[in-house]
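Next come the structures, one after another.
Look for chain A in each of the two complexes below; its partner is chain B in the first and chain C in the second.
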Partner chain A sequence: MSSNDLKLKAHLLRRAGFGASPKELDQVSDKSYEDIVEDLLHPDRAEEINMDYIKRYNPELRYPDTHPLHAGFWIWRMINTKKPLEEKIALFWHHVFATAWYKGEHTPSQIEQIETFRRNGLSNIKQILNDLAKDPAMNYWLDNCENHSDQPNENWGRELLELFSMGVGNYTEEDIKQASRAFTGWTFEQPLPLYPYGNYETKFVFDESDHDFGEKTFLGRTGDFNGEDIIDIICEERATALFICRHLYNFFVEDEPQIPAWSIEPPRNPEAIDQMIDVLMSNDGEMVPLLRFVFNSEFFKDSMYKKVKNPCELIAGTLKLTGTYGIMPKQGEEVGKLYGIGSVMGQALMNPPTVEGWHTGHEWIDGGTLNERVNFAVNQFNDMSVPGLSDIISRLGDRVKASELLDKCLDIIGPFELGKQAYDALSEYAEAVGDLDLTNEASIEQNNEYIARMVQLILSTREYQFA
Partner chain B sequence: MTTTSIPYDLLRSGFPYYMTLGQRRVTTAPVDIGFGKENIYVLTKGGLGTQIRVLNWEDENLGVRGGTDLFQWPAGLLVDEEENLYVSDEAKDCLVIMNKDGEHIQTWGESGSDEGQLNRPSSLAFDLEGNIFISDTMNHRIQKFTRDGKFLQSIGEMGTGDGQFDMPWGISVDQLGNLYVADWRNDRVQKFDESGNFVFSLGSSGSEKGQFKRPTAVTVDNHGDIYVSDAENDRVQLFNKDLKYIQSFHGNATLSPSGQQYILANAVTLRLRSMADFEKTQRLDAPMMVKVDDEFRLFILDYGNHRIQIYKKDAVELSKEQIAPEMRNPILFTT
Partner chain C sequence: MTTVTKKDPVFVVVQLSGGNDFMNTLVPYSNHRYYDNRKFLNIAPEDVLPLDNTLGWHPEMAPFKELYDRGMVAVVQGIGYPDSNRSHFRGMDIMHTCTPHEVSTIGWLGTVIEQMDPGKENPLTGVNFGVGLPRAMSKAGVPVTSVSNLDEYGLMSGLAAEDQRDKALKIFKDMYAQAIGSGPVMDYLSRTGSDVITGADMIKVAPEQYESTVEYGDSQIAKSLRDVARVHTADLGTRIFYTQQGGYDTHANQLPSQPGLFRDLSRAVNDFFADLEEHDADDNVVMLIFSEFGRRIADNGSGTDHGSGGGAYLVGKPVVGGLYSEYPSLEPDKWAKGEDLEHTIDFRGIYGTILEQWLGLEASPIVYGNFEQIHPFKNS
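Moving on to the complex of A and B:
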C-alpha cells in the first residue's frame, strides 16, 4: 500500500469520523478505500462500544441531570466508538438543527435529540425532518408547544423553512403561516419537575383538540395538511436538496461561506453541489447513497486539509493519539471536562449559540480559541506516561536518524503533511536533537522527551488545525 | 419483629413501602448508606456533591461530613459503633476514616495488585470481629483488613468460575459471618463461609426473575433473606435463604418529608407535577445500594432519583411444626 493510499484513508477517517490512532489505521490498512467507506456507511457492521467501565466509574451517566456531563460523554463516544460516522452524522445534524439546552434546561430531551440523530442520521431526509418535528427539545426550543389552533405561533414553521430545509428566498410569509397551522397541536407530555427527584423524560404528543384541521395552501398545493404533509412537500423541492447538500459539503468536504451568505454567495464548488443534489433527489432523500457518492468522489479526495477542524474533531482526534479517555476511565479523566474543553474552543455541545448553529471554517479561530486549541493539543503530551506516546516511540524502531525523525513522526501521527516553513523549522529541531538510539537504556528518558517534544511541535503547527 | 436465629420459615404478610428520605441537592446520587444511633449517613458522589450527607428520621438535613479534600471517587461507607465513618476511595485506592463530626482520623491503603494492595476499592463490610472486608474491584478479589489497615485475608481472583470474580462490587456479611458478593460483571451473587470457602452462586445474566443485569449490591437480613440491587434492571430482587425467588421491588415511593416541603413552597412545581404522568415518580431508577437493618427495614438507594426508598417487612416467624412438610410437587387442590 502506498503512502498516498494511507493518507487518503486517514483523510476519510478524519472527515467521516474523528481521526484514527496509529493502531486504528493499522486495522484498516488491508482494506480498500471503498470498503472502508462501506463500513462507515453501515454502522451495524461494527461492534457496540463497551460502556460498562465508563458507566461504572461515572455512574452519574445513569441519570440525565447536568448536561455538561452528557455532552462530555458524547465526546468520549466520538473517541471510542467503532461506528465513527454514526457519531459524526449526529454532530452534523446537531450543527444544522441547532437546539440549545439553555432555554429549557431539560437534559433528558437534549440527550434524546442527539440519540435520535444517532439513530436516524443516516436514514432519509423526510424521516429526519419528521423525527425533528416531533422532538420535544426542538418543539420547546422553537415554541411549537405554544402553537395553538386559535393562537398560532410561527417560530417553528419559520425556522423549518428558513434554517432546516429550504433557505431564505424559496417560500413566502404566507407559506410560513400555512405551515405553522399544519403543526398546531404538535406538542409534548409535561415532564415531572426537576425537584425534588431530578429530571424525567418526556415524549411527543399530538393534541387533536388543538389542531387546525382547516384547508391550507402551501407552496402552491392546497389541502387539509398536517405536519407530515408539509414535510412531504418540502422534501419534493430542489431548494431543500440544495440546502442539505451545501451543509453536507461544508461539514464533510470543504469550508463554505456561512449560512447567512447563502442567498447571495454561490457554492464554492457548484458542480459538486449539483451532482450531490442529483444523487439525493434520485434516491428519494436517502442519506447513504449521497454520502457514498461524496466520500468516493474526486472532489472529496482532493479536499485534504481544506477544512478547519471543529473543536470536537480537534479534541477527539488528539485524544485518540494520546490514548487517554479510553474504555477504562483513569483517575482525573472526568468526562464532563471534555465539555468544558470544547466550550472554551467555541463549541459547547448541546448548547449552540443560536438556532443558526455554529459558524464553521475560519470562524472557529480567533485569538482566544487559537490559544486554547494549540495549548490543548500540545499539553496532552506533557504527560510522558500517556499510552499514545509509548506507541509512537515503539513505532519509531530502535534507531532514528536525525534526518528521519520528523518524517517518521509525521507518518505515525497522520500520515500528515506540513508546509515548507513548518517543515524546515521542525527539521532544525530534529537536527539539533541528533540521531537517537532508542535501545540505549541510559538515555531512554531523554530520548523519549525529545520525541514527545517533536510530537508537541507537530501538534502546534498551523497545519494540525486543519482536517 | 427481631430475631437472633434464623427461623425455619416465614408467613410473609407483605413488604409494604415505609417512607422516603432525601431529595436532589441533599442526597444527590446516593451510593451508600450507614446508620448511627440517631443519624443516617448517606454517601453521595458526583458533580452536585461528593460527600457524606447527614439526615435524621424526620428527613432533616444536618449537614455534611468529608468531601473532595478527603476522597475523590468514594464508593463504600461503613459506620462503626463509635459512629466513626469509613469511606473507600476508588480514585486514590485507600480507605479514609473520620469521626462522626467529620474530623479526619486516618487514611490507609496502597495502589497495586500485591497482597494487601488495592485497585479501585469499592464496597465495605464488617466481619463479626469488626474487621473490614473491602471489595477490591479491579483486582477482582475481596480482601480483609484490620480497621487500621493490616492485611488479613484475600478471597477470589479474576474469572467466571466458582469463587472467581469479574469486578466485584457490593458486599455484605450475615449474622453468621458468611460473606455475600455482588459479582458485578458476572451478573451473579456469590456466598462464602466465614473461612472464605465458596458456598453458592445465585443468578445469571438477564432480566427474568432470578436473573441480573449488573448487580451492584447485596445484603442479607436476620431471616436469611437475600436482597440484590439489580441496577440495570431498575429493581431489587428478594430471595429466601434457600435461594428461592420471592419478589421484586420496582419502587412505590411517596414524597419524602423534605420533598413535600419543597413542593408546597413552589407554586410552579406544584402545577407541573399536577400536569405530569405521576406513575414515573414512584419507580426505582438504578438502585445502587441495598441495606437492611435489625428491624427488617429495607433501604434502597434510588440512585437516579436522589432518594432512599424504605420498605418494612411484615412477617411471622414459623417453627417447623407450624408448617406442613415440604412438597416434592405442586398440587391443584389448594383447600
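Moving on to the complex of A and C:
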C-alpha cells in the first residue's frame, strides 16, 4: 500500500469519523478505500461500544439530569465508537438542527434528540425531518407547543423552512403561515415535574382538538395538509436538496461561507453541489447513496486539510492519539470534563448559541480558543506514561536519525503534511535533538521527552487545526 | 466626553452568575410584604446592616457597605429587561448582547473594544479573567484576551520548565510565521497566533512588577479581582476587564450558600479598591456588578426560583454614591407574572449611562435604542 493511499484513508476517517489512532489505521491497512467507505456507511456491521466500565466509573450517567455530563459522554463515544459515521452524522444534524439545552433545561429530551440523530441520521431526508418535527426538544425549543389552531405560533414553521430545509428566498411569508397551521396540535406530553426526583422523559403527542384541519395552500399546492404533508412537499423541492447538500459539503468536504450568506454567495464548488443534488434527488432523499458518492468523489479526495476542525474533532482526534479516555477509564477521566474542554473552545455540545448553530470554519478560532486548542493538545503529551506515546515510540524503531525523526513522527500520527515554515522549524528542532537511541528501556526513558516534545510541537501547528 | 480624569477611563465588569437574590442583598426590612413572602428565607430586621430606615444590607456585606458609606457605590435598584423568560442562558445572552427579542452573537463590549482599538493594535484592550470568553466580549474579528490563570497564561503554559517553554514558543513563532500564498485562513491563524503571543508577552510583566500590601481573601473572585488589579496597575492599556463569580443559582440551600458568596464578594471588592488606591490607580476605574436576573418574590421553603428584577452596583471613586432608580414594588398588584419583582429600569439604560457618561461612546448603536439613563458620575 502506498503512503498516499494511507493518507487518503486517514483523511476519510478524519472526515467521516473523528480521526484514527495508528492502531486503528493498521486495522484498515488491508482494506480498500472503497470498502472502508462501505463499512462506514453500514454502522450495523460494527460491534457495539462497550459502555459498562465508563458507566460504572461515572455513576451519575444513570440519571438524565446534567447535560454537561451527557454532552461529555457523547465526546467519549466519538473517541471510542466502532461506528464513527453514526456519531459523526449525529453531530452533523446537531449542527444543522441546532437545539440548545438552555431554553428548556430538560436534559432527557436533549439526550433523546441526539439518540434520534444516531438512529435516523443516515436514513432519508423525509424521515429525518418528520422525526425532527415530532422531537420534543425541538418542539419546545421552537415553541410549536404554543402553536394552536386558534392562535398559530410561526417559530417552528419559519425555521423549518429557513434553517432546516429550503433556505431564505424559496418561499413566501404566506407559506410560513400555512405551514405553521399544518403543525398545530403537534406537541408533547407534559413530563412529570422536576422536583423532587429529577427529570423525566416526554414524548410527542398529536392533539387533534388543537389541530387546524382547514384547507391550506403551501408552495402552490392546496389541500387539508397536516405536518407530514408539508414535509412531503418540502422534500420535493430542489431548494431543499441544495440546502442539505451545501450543509453536507461544508461539514464533510470543505469550509463554505456561513449560512446567512448562502442566499448571496454561491457554493465554492457549484459543480460538486449540482452532482450531489442529482444523487440525492434521484435516490428519493436517501442519505447513504449521497454520502457514498461524496466520499468516493474526486472533490472529496482533493479536500485534504481544507476544513478547520471543530472542537469535537480536535478533542476526540487528539485523545485517540494519546489513548486516554478509553473503554476502561483511568483515574481522573470524568466524562463531564470533556464537555468543559469543548465549551472553552467554543463548542458547548447540546448547547449551541442559537438556532443558527455554530459558525464553523475559521470562525472557530479566536485568540482565546486558539490558546485553548493549542494548550489542550500540548498538555495531553505532558505525561510520559500516556499509552499513545509508548505506541509512537515503539513505531519509531530502535534508532532514529535526526534527519528522520520529523518525517517518521508525521507518518505515525497522521499521516500528516506540514507547510514549509512548520516543516523547517521542526527539522531544526530535530537537528538540535540529534540521533536518538531507543534500543532499551533506559535509553527510551532518557529520550522519550524529546519525542513527546516533537509530537507536542506538531500538534500545536496551524496545520493541525485543519481536518 | 465627560470623564473625571485625564487618564483613559477603565471599566471592570463583575458578573454574579446564576441570578442573585436582590431582595436578600438589599433587604426591604421595614416592609411586611417581604416577611409575608419570605417565610423561611428572610433576614431579620435586627440582622441587616441598615442603609436607611427602609433598606439594609445583608449582614455579610459589611466591607461593601463600607464602600457605600464612603460614597463609592451607586445602587441601581430594579434593573431588568422586558419579558423575562427566567432562563439563565437567555438572560445572560440578553444582557450580553442587548437584544431581548432576538438572538445575537455580537457582545456589547466586543463592539466597545472594537471602537476603542479599531486598528487592533493592543490585544489587551479587553481582558477576561475566567474560563471561556463571555459573549459580552465576543465579536467576530475583535481580538480579546481571555486568561484563566494569570501566572500561567499563554501558549505552551503547560510545559513546566521555563527554558523548555521559551524554546517551544520560539519554534511556535517560526511555525506561525506569515508566508505569501498560504491562503486567507492560514494567514488568519498566523495573525491570531501572533496576537496571543504578543498579549501573553505583554501581560506577563503584570505579575512580575506588581507589589501590594493588600492581602486578598482566599476565594476565586478575590483571585480574579487581584488579577484585574495586577494588570490594571501594570498600565498595559487595558480598558475593559471582565470576570465573574458563580454560584448564585440558589434554588435550594440559599440560606447557607448566599452568605459565603457575599462574604467573598464584598471583601474582594473592598480589597480591590484599597489595592487600586494604594497604587494611586483608582481615579479612572468604574466597576459594574450585575446578575442575569433576580429571584422569585416568594421562597420555596429552602431557596428561591428564577425571577426577574434585580439589582446592579456601580462602584468606584468617580461614582456618586447613593440609591438610583426605584426599589421594585412588593405590592402584589405590581408583580410581574403575578410572582416576580417588576423591573424599574432597563439594563440598556444603565449600559447607556456607562457608555456615554463614562466611556464617551455613543450608546444607541451598541444597545440598539435610547433608554432612560441615570447620572451616577461626578462631573457628569
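Just so it is clear, the second predicted complex is superposed on the first by the 463 of 467 C-alpha atoms of A that agree within 3 Å, B and C clash if a C-alpha of one lies under 4 Å from a C-alpha of the other, contacts with A are read in each partner's own complex, and residues count from 1 in each chain.
The definition used in the following text is that a contact is a pair of C-beta atoms (placed from the backbone, for glycine too) under 8 Å apart; a residue touches a chain by one contact, two chains touch by 3 or more.
Computed from a predicted structure; not experimentally measured.
Once chain A of one complex is fitted onto chain A of the other, the partner contacts of A:Gly214 are absent, as it touches neither chain B nor chain C. Considering which of chain B and chain C touches more of chain A, the answer is C.
Once the two complexes are overlaid on the shared chain, A:Tyr200 sits against chain B while remaining clear of chain C.
In the overlay built on the shared chain, the residue A:Gly419 is in contact with chain C alone; chain B does not reach it. When the shared chain is aligned, no partner comes close enough to touch A:Gly434: not chain B, not chain C. When both complexes are overlaid on chain A, the residue A:Leu69 reaches chain B alone and has no touch with chain C. After overlaying the two complexes on the shared chain, residue contacts for A:Pro59 are found with chain B alone; chain C is out of touch. Using the contact criterion defined above for the overlaid structures, shared-chain residue A:Val308 touches chain C, although it does not reach chain B.
Once chain A of one complex is fitted onto chain A of the other, the partner contacts of A:Gln331 are limited to chain B, with no touch recorded for chain C.
Residue contacts after overlaying the shared chain place A:Leu192 against chain B, while chain C stays out of touching range. Residue overlap on chain A between its contacts with chain B in one complex and with chain C in the other: absent. Residues 23-25, 29, 31, 45-48, 72-73, 90-92, 120, 167, 184-185, 214, 255-256, 258-259, 262-263, 266, 268-269, 272-273, 275-278, 280-281, 285-286, 288, 303-307 of chain B touch chain A in their complex. Against chain C, the residues of chain A that register as touching in their complex are 100, 102-103, 105, 255, 308, 340, 343-344, 351, 353-356, 359, 361-363, 365-371, 374-375, 378-379, 382, 419-422, 424-426, 428-429, 453, 456-457, 460-462, 465. The touching residues of chain C, counted against chain A in their complex, run 85, 87-90, 93, 103, 105, 123, 128, 131-133, 135, 138, 140, 143-146, 148, 154-160, 164, 168, 171-172, 174-177, 179, 182, 184-186, 188-190, 192-193, 195-196, 199. Contacts from chain A toward chain B in the complex involve residues 52, 56-57, 59-60, 62-63, 65-66, 68-69, 189-198, 200, 331, 336.
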